[in-house]
Structure formats: C-alpha cells, structure tokens
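Some structures are shown below for you to check.
After this come two complexes, each holding subunit A, first together with subunit B and then together with subunit C.
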Partner chain A sequence: MKKAYLGIDIGSISTKGVIINEENEILAQCYLWTEGNPMNASKNVLHELKSQFDAANSREEYKIVASGTTGSARKLVGSMIGAQVVKNEITAHAVGTTTLHPDVRTILEIGGQDSKIICVENGVAVDYAMNTLCAAGTGAFLSSQAHRLGVEVEEFGEIALKAKKAAPIAARCTVFAESDLVHKLQVGCPKEEIIAGLCKAVAGNYLNNVAKGKKIVAPVVFQGGVSKNAGVVRMFEEELGMPVLVDENGHLMGAFGIAVLAKESQDERAFSFDVADMEFKTREVTCGKCANHCEIICVYRDGMLIDSWGNRCDNGAIKQQ
Partner chain B sequence: MELRIDNRKKVAFPRINHYDYAIRYIVEQGIGAQFILLPPATKKTSELGSKYSPDYACAPFKHSLGSLIEALEAGAEVLVETGGLCRLDYYGALQKEIIRELGYRCDFINLAEYMGGSKKEWIRLARHINPKLNPAKLVTGAYEGVKMAEYMDEIEAMYYRNAGFEAEKGSYKKVYRQFLMEMQIAESGQEIKRGYQRAKQALEELPLKMPENPVRIGVVGEYYTIMDEHSNQFLQEKLINLGASVHRFMNITNCHFRAKETALRPRIREYAQYSMGPTTTWTINSAMDYAKQGFDGIIHVKSFGCTPEMDAIPVLQNISRDYHIPVLYLSYDLQESDTGLDTRLEAFYDMLERKKKVLR
Partner chain C sequence: MIQTIGIPGGLMIHRDGVLWKNFFEQLGFHCVTSRKSDRQILEQGTERAVDETCLPFKMYLGHVMELMGKCDAVFIPRMGGFKTREKMCTRYEALPDLVKNIFRDEQIPVLTVSYDWYDRTTEEKVYLELGDKLGKTKKETKKAYIFAKKQQEAWLKSREKAQNQLMEKEGTKVVLAGHPYVLHDAYMGGELARILEKMGASVLYTDYVDRDSALKKSYDFSRVMPWLINREIIGALMALRKKADGIVLVSAYPCGPDALVNDMLIRRIKDLPVLSLTLDAQSGTAGVETRIESFIDIIKYQKAGGYGTKN
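Let's turn to the complex of A and B:
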C-alpha cells in the first residue's frame, strides 16, 4: 500500500483540500466556499475528497498517513481532524509553490482578505511581506465592487480585458477607491473601463503597499483567488514588464503546500474519513480570572472536549478531562 | 496596638514594562514617598486609555493614560508623566488636561517642564513631593534605582537570548520571575545586588540545548512599544516560544546611559547623516549591527503612526538589501486579537529556519 497525504486550506472565503502521493502528484482535489462556517466547509471538502478517492479506486492503493491544515481556521480544523501539521498559510504557500516551480523567484499572492509577497532564492523563501491593518485591494474588495456593479466577480477578468483603457481609480484605501468608483459611474464611464480600472488599482495597490521595497525578480508566480482574474494578471504584467505565471492549480497551492509539509514531518498516523461524519461543536468562554477577559475557544467532539486555546496566561488554561 | 498612619504622598507613573520597580525604588527609598505599584496591564487599561484619548494619538499615549487613570483609581495623589523627544513631550500637558476634565483631583507633575533644568529645580521638585526630603538619601536612592534598571536589562537580555533553548521547559522563566519578584520588593542596594547576582548565576548554570546555529532575531524600533511587553503583545516571548534567540539593543541602559545618540551617529554615517528623531539612530544602529553580525532576521516594531520610526523604514530597507537580511515590519495600535501577529511571526520564523536548513 502506498502512502498519501492530506492537506486542507481553510481561508476566509474558500476552503481547499488536496490529497497527494509521495511523488507530490495530486490524487484528489476540492475547492468550495467557506460560507462563514469553516467546520462544515472542511467536512464537505472531506466528503468530496473521499468520493473522488473512491471513484478512482485509490482507497485500495493508497493510505493517508499524515494530514495538515493551514489558512485562518487552521487551528480549529487541525484539532478537528487531528492534523500532524498546523502551519500558517505563508509557509504553506511558499513550500507548495517552490515544490511545483523550483525556479520561481517571486510569489505574488492575493487572497480573500490578505495579500502577500514571498521572495525566493535557491528554492527557499528568503523574505516575505503581508498586508497590514487594511484589506484594501484584496479579493473581498473586488467582490463587493462586483456586487455594486451588478456583475459576477468571476466575469471580472474577461470584462476588464475588453476595455480599451482603464479608468483611473485610487487604490490606496478601499473607501477612497469606492468613492472614486461611484464618481466614475455617475459621470457615465463605461462599465468595462471601470472594471479594468479596478483591476489596475488592485495591482497598483499591491505593488505600492505589500511589495514596497521588495525586489521583484522573474520568474513570477501569481496565485490566490484573485489570480483567476485575467484582468489583474494583465495589469501586473504591464506594471512589472515581465510575464506573470498563473498555475492552473494556483488556488490549491496552500493545501498542496501543507500536504507537502505533512509529508516532510514524517509523523505518521492513520487518517480516517470518519471525522467528516462526527459532530463538532465550539464554544467560546470568556475567562473571568483577570481583566484581560480572554476568549477561550473550546472544541468538542461528540460532546467531549478535545482542544482549547486563546488564554494568555496559565490562569485560563482549561484542564482536559 | 500602635496605629501608624502613612503620611507619605502616593505617587504614580505610567507603566513601562518592569521599570516600574526601579521607579518605585527611587520614589520610596530616594524621595521617601509612597509609590502606587500597579498590577500588570490588561485589556481594561488600554480600553480606558483609548476611551479618553484623541483618536490620532499613538498607542503609547493610550496605554500610559490608561495606566494613570488606573493609578488614580488605586488612590494616587501625585501623577508623574515624562517628557521626550517626539510628541511624547506634549503628552504630559495633554494628559493633565484630560485627567482634570475627567474630574480627578490630583497633583500632576509633567517632567517635560523639568527636562534640561538645573539640579536645584529637580531637588525642589522632590521636596514638593516630600517636604522632609533627605537629599543624601535621594542621591543614593536614585543611583541604586538606576542600577536596578541596569540589572533588569541585563537579566532580561540573557533571558530572551537563551530561554528558547532551555533543556528543561520553564526553568528559565522560573528564575526570571523570581528575580523580578525580588526587584519588586527590594528595599536596599544590597538586596538589589544580591538578587541580581543570584539570578545571573542561576541562569548561567541552567543547562541549554543550543543548536550550533540557532535562529537569531534582532528586535529594533520605537522606544515605548518595543520595551513594553503589553504594548507589543509579548512579541519577544512569542519568539522564544517559537525557538529563536531574541536580541534587543534598545533598553533604558543602552538608550540613556551607554550609547548616546551623538556617539552612535558617526557609526551609521553610511545610512543617515543626521538624527531623524527620537530613537531612529538607535534603531538604525542596532539593525546595522545585527546585519553585520549575521543575524537571520530583524523585526521592526513601532506604534501605528509613529512618524520618526516611519522615516527609519526606508533606511532599514537599504540595510535589508545591502546585507541581505529580511526585515519584518510591525505596526501596533490597540489590537484585540493576537492571531494576525502570531501568523506573521510564525511565518517569519519558519522562513528563517527553512532558509538555514537549505543554505547551509
């Protein structure tokens, strides 16, 4: 029986899951919306992966020996599925991308709520930056503007490519960008130019904020949900003056990276899809032992406490039965 | 039973890390007044501070205002606020007004008005707090208090440098806590010295599992946020828990007694010809030192909107490029959760660690 590894990336907007084998080939993959419920989303991901796995009759051939979680709900889902590796998305993305593209030098990443840049040398990340304080120019911004314009965010790229020129929109701040956009709409600017302007604004904002002071060297890989937007990709290529590569599995890179990390950890334990059918509950408890009022998160599986975190000092530590 | 009424004035100072203990010592042993020693800051402190602060004041203003209000609630009669080289110099005046408008009745001493004043004026100020002041005691008290600050800086530096590699988990923290406790209650120069020697010896004797090339991270940045653990959300503690050796040049000893700005400036000539404000010279100097010593990474800490430190960022970018050392920039306001910080620090540490494995 060959070994396989599971990776789940639970982001603010979407949840991704992959199963890879020892040669880092993707055996099963899944991508769906988180819809504000990371536990349900990851259960659905597990169901989907399981059915893909069964359909390919891989269950007789492969055995999942390690699992990992990443993304903003990594801790919760990690304790839920008993993952060996629970790591931040920056490391996961860097590892995933450098595994698939060993020659990459710069990784641009724009997700639902954050954006980051990772500089790579000799196949290992040497510097990174992440947006601070503000979510201007991320996927969430684009989808809220799509809603305002009455188009689907998935169509954004296509529409933007049709435009002859991009309407100038300030992207330093989401609020300012929005008032610029409303103004352009009121003066009768065509929709595709506005959409192209938004894409340009996202690229410009990214390069001026997150990537400030970082040297962008080719080959450049662009990933995260926004990389599916052809308009933003073109604006990046124009601004940088170099080709920008978008991997067709770019949206799975975090999940792929964490699966690779799970493989590297060499901590092996049989994984069962049964967790997808168990009942998990979380409860938030406010600790009253000092004025910090830490919010302690307790995770229960079938009524049993399996994990808790969030306390800043030992006073708030919850003893497990 | 003999009834003893404490006539000493109750003095308070905004919290700044554990330097409270040294200030307490100077106030109690030197001046002969009573010091209101506050418990560690909590979320409540920052909430109180931000509630009554102007929106655009920086985080240190809010933290110190919160501390002062808590001190008043604890019975303080004399509040002392310091002056400084940036907006801080104006903070005393503003906080005095805010506290008066809140309806508290207290004596507010703004040290900004005394900065650069003669020795006579300082003694007059101390006499104002305690009319029965003994000037000789004040001199020894101040000297020993400063000494305590120096000792605390030394032990703290040792702690953050090595605690990430302790062989027995929690052994470093235990000694460190014990030491701070002793400083908190010390009543003589002898006690301070003995506590220091004991802690130093104990820390030196503790076994370490230090790898050959540990991940070394240098922390640089703005005076208050970098030193005050509560303000920087226990940044250094988080780093040692990840397994790094953490170094920080900026502390009271290095900033005020050892490395004067004018002495450091020629060293950073390459990057800055003139002083860019409060602590930028120290920031640039220590970042440059860390880069030269082959550290793995630098973390730059500032409160949100701190203009002088913002000016230092382009210089740090130059250092980062010239010496090929990654710099993580952190900007603090009053955050509710640690999650964002944890993610960034973990990613930073992971990156440095993986880089080490591959490049060596």
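Let's turn to the complex of A and C:
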C-alpha cells in the first residue's frame, strides 16, 4: 500500500484540506467556509476528503500515515485529529509554494483576516512580515465593501477589469474607505470604477504596509483567497511592474505545505477518518490562580479532556485525565 | 515626614531602579516596590488613563495604585533628559503632573525631582537636589549617590557579563530590542522571552549592554535623533547584531519614538531577519506566538539549508 498525507489549514474565513501522495500530487482537496466553527468545518473537510478518496477507490491504494494542521485554529484541530505536525501558516505557505515553484522569490498572500509577505532565497524563507493591528485591505474588507455595493465578492475581479480607470479610494482604514466609497457613489462614480478602486486600494495598502521595506523580487507568487480576484492581481502587476503568478491551487497552499511537512516529519501513525464523527467540545476556563486570569482552552473528545492551552505559567496547567 | 518611599514597578524602574532604591536606602529610607506586572495591574491602570496614552504608561498607573496606602510618598521623577539629542519622550516630561492630576481625588503624595536638557545639569546635581528635598545634607547625599551609582553599574555589568557569555554559546540567538520597561515587564516583553526560550532560542537584550558605548555608537546611525533610550537601543543593536541570528523589535502601542525609529531600523538592517512586534492590551498571545514561531522557523530552516530536514 502506498503512503498518503493529510493537511488541513483552518483559517478565520475558510478551511482547506488536501491529501497528497509521496510525489506531492494532490489526491483529494476541499475548500469551504469556516463559518466561525473550526471544528465543524474541519469535520466537513474530512467528510469531503473521505468521499473523494472513496470515489477514486484510493482507500485501497493509499494509507494516510501522517497529518498536519496550520492556520489560526491549528492547535485546536491539531489535537482533534491527533496531527503529527502543527505549524504556523508562514512556514506552511513557504513550504507549499517552494515545493510547487522552486524558483519563487516573493510570496504575496492576502487571506480573510490577515495578509503576509514571505521573501525566499534559494528555496527557503529568509524574511516575512504580517499585517499588524487591523485587517484593513484583507478579504474581510473586500467582502464588507462588496456587501455595501450589492455585488458578490467573487464577481469583483471581473467587474474591476472592465473599468476604464480606478476611482481613488483610501484603504488604509476600513472606516475611511467606507466614507470614501459612499462619497464616490453619491457623486455618481460608476460602480466598476469604484470596484477597480477598491482592488487598487487593497494592492496599494498591502505594498505600503505589509510589504513596507521588503524588496520584492520576481518570480512573484500571489495566493490566499484574494488572489482569486483578477482585479487585485492586475493592480499588483501594474504597481510592481512585473508578472504576478497565481497558482490554480493557490488557495490550498497552506494545507498542501503542512501535508508536505507531515510527510517530511517521518513520524508515521495510521490516520482514521473516524475522528470526523466523534464529538469534540471546547470549554474556556478562567484560571484564578494569579492576577493574570489567563483564559485556558480545554478540548474534550467524547467527554474526555485531550488537550489544553492558554496558561501563561505552570500554575494554570490542567492535568490530562 | 517621609519614611517609606514607594517606587512603582513600571517604566524607568527597569532601567534605573537599582540606582533609586540604593540611593534612598543609603539615606535611611525604606523602599517599597509594587509587585510584578499582571493583568489586574494593567486593568486598573487602563481604567484611569486616557485612551491615547501608551500601554507602559497605563501599566505604570496601575503600579502607582498598588502603592497607595503603603508608603508616605511615591517617587515619580520628571526626566527631560540631559542633552538635546538625548531627551526622554514627552510622557516623562509630564510624568509627576500626569499622576497628580489623574489621582487628584486620592491626593497621592508625590516625591519628585525635575530636570531638562536646557538646564545644563548633571545626574549628580539632580540627586543632590533630591537629597536636599528629603532634608539630607549635601555630604550624605553625595555619598549615597556615589554608592548607589556603583551598585547600579555593578548590576548592569553583571547582566552584561552573563549576556556576553550567552553570546559565545552555540544555538539560535535572538535580540529583543526595545525599551527596558517593555522588554522586562512580566506582562509585556516577559511573555516574549518565555515564548522564544520555549522554542529553543537564547534571548539577548538591548539594555544589557554598556550604556555609554551604546550611546556613542548610535551617533553613527543617526546624528539628529532626539531620544536617549532609542539611542541606547540602536547602539546596543549595532553591537549585538554580529552575534545574533535575528532581531525582534518590540514596541508597546502606541509609542511615537519607536514608530519612527523602528521603521528606520527595518529599512536599514538588511543582513539579519527582523521581526517587528507591537504589543497592545489584547490578552491573547496567539498572534504573537504565530509571529515568533514563524520567525524562529525562518532562522532554523535557514541554518539547516532547506525544508527537507526534519524539524
């Protein structure tokens, strides 16, 4: 039987999953909304991956021997599925992208609530930056503006490409952008120009804030949910004066990267899809042992405590049952 | 009559605390310090502060409140700086007034001393003034100051020595660069050191470096920058970077001098990975942990020469 590896990337907005083989080929993939419930989303991802796996009769050919999780809920889902590798999304994205595009030098990524830049030299990340305090210019920002304009965010790219010019909109802050947007609408600016303006603002905001001080060297790969927006892609190409590559599997890169890392961990243990049908619960407890009042997250599987974290000191460590 | 002097456990105590405490004790006073920073101290300080001020100042107010009723006066110096290009930020120029005003109902007795760069004064003169205020003779005060200064220097020297030994060791070394009261505060920078060490990195601090030589070096970086502590940070960074694998710039939100200086640093340090972290009052450390973990990964995989190796 051949070996296969599972990777799940649980972001704030979407949850992604892939199963790869030893040649890094994707055997099954899934992308769906997290909808504020990372555990459920991960279960749904597992159900979907399982049915793709079954449909292709892969279960007779492959055995999943390692799994990994990344993204903001990596810890939670990691303990849920018993993942061997639980790693941050920067490393997962760098590994995934350099596996598929070994010559990449700059990775631009704009997700639902965060955005990052990863600089790569000789196939290894050398530097990175992430957005700081606020989520201006990320997918969440575009979604909320789409809602205001009564347009589906998925249509943004296509509409933006039709515009003759981009209306100037400040994307530094969502509040300012909204008032800019309202003003542009009031003065009768065509919708496609406003949408093109929003795309330009997202690219500009990213380059001025996240990528501030970083040297952007070609080849450039752009990924994350926002990379599906052709309008933003074009604005990046215009601003940077170089081609910007969007991988058709760009949205799966984190999940793919963590699956590769699971493979490379060489820590093998049979994985069972049964976890998708178990009951998981989390509970938040406020530790009262000192004045810090840490919020400790406890994870239970079928009523049994399997993991906990969040304590700043050992006083708050919770004993496993 | 002042017998017990309270020293709030925030802001410059992390830089000059040894000097202050020894000075007062040498003059025969008893000193009390508030406990290590924690969430409760921050919360009570935040409640009294105006929104726009910085996190360390909010923490400081919480520390002042901890000392209420436990001392005869709280020591809050007004430090402007001694030279035009080695000033303190405006927060320090107003510190005793801010505290007196914020706690005007509580009528906190404040012991203070005041100096500015245009006074053309020296540290010794400032302490002589302070001794005079406390009713001590010039002779006693001078003796106490010299003693306290020696203690302070010995304290810094021992930290510097330990850090130099750490620098010669094998393994991943990361410089935490920032204001001492951010780096060493148990609830702010203390967390970062804990996270870094848990990930197997040794931590070097920009304030465990000889201050005079750091200050001197900083003029190679900028001739016109007006802030003393940022100068000390930069000078120390220039010395430490040779032995380090990465630099974490730590700032507490919102710090004016850091906003400007850290931006300059990011643009000018090209030979080492630099991570810029801004701490705010958010209680969760998840965002910070992700950033540090990613940063350490970069350093480790760089050293290993690729992702193919087990980690």
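Assume the second predicted complex is superposed on the first by the 321 of 321 C-alpha atoms of A that agree within 3 Å, B and C clash if a C-alpha of one lies under 4 Å from a C-alpha of the other, contacts with A are read in each partner's own complex, and residues count from 1 in each chain.
Here, a contact is a pair of C-beta atoms (placed from the backbone, for glycine too) under 8 Å apart; a residue touches a chain by one contact, two chains touch by 3 or more.
This one's a predicted model, so the numbers in the text were calculated from it and none came from an experiment.
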Look at where subunit B and subunit C land on subunit A after superposing the complexes, then choose clash or fit.
clash
Between subunit B (first) and subunit C (second), which, if any, makes contact with A:61: first, second, both or neither?
neither
When the two structures are overlaid on chain A, which partner does A:154 contact: first (subunit B), second (subunit C), both, or neither?
neither
Return first, second, both or neither, reflecting whether A:238 touches subunit B, subunit C, both chains, or no partner chain.
neither
Does the superposition put A:90 against subunit B (first), subunit C (second), both, or neither?
both
Contacts of A:22 with subunit B and subunit C, given as first, second, both or neither
neither
Please work out whether A:264 is in contact with subunit B alone, subunit C alone, both, or neither, and reply first, second, both or neither.
second
Which chain, subunit B or subunit C, is in touch with more residues of subunit A?
C
Could you tell me which stretches of subunit A are touched by subunit B in one complex and by subunit C in the other?
72, 87-91, 94-95, 122-130, 132-133, 213, 290-293, 312
Which of the residues in subunit A end up touching subunit B in this complex?
72, 87-91, 94-95, 122-130, 132-133, 213, 215, 290-293, 312
Please name which positions on subunit A make contact with subunit C in the complex.
72, 87-91, 94-95, 98-99, 122-130, 132-133, 212-213, 260-261, 264-266, 290-295, 310, 312
With touch defined as at the start, can you tell me which subunit C residues reach subunit A in the complex?
38-41, 187, 191, 194, 253, 263, 266-267, 273-274, 276, 278, 280, 283-286, 290-291, 293-295, 297-298, 301-302, 305-310
Taking the touch rule as given, give the residues of subunit B at its contact with subunit A in the complex, in rising order.
42-45, 234, 304, 313-314, 317, 320-321, 324, 326, 329-331, 333, 338-339, 342-344, 346-348, 350-351, 354-355, 357-359
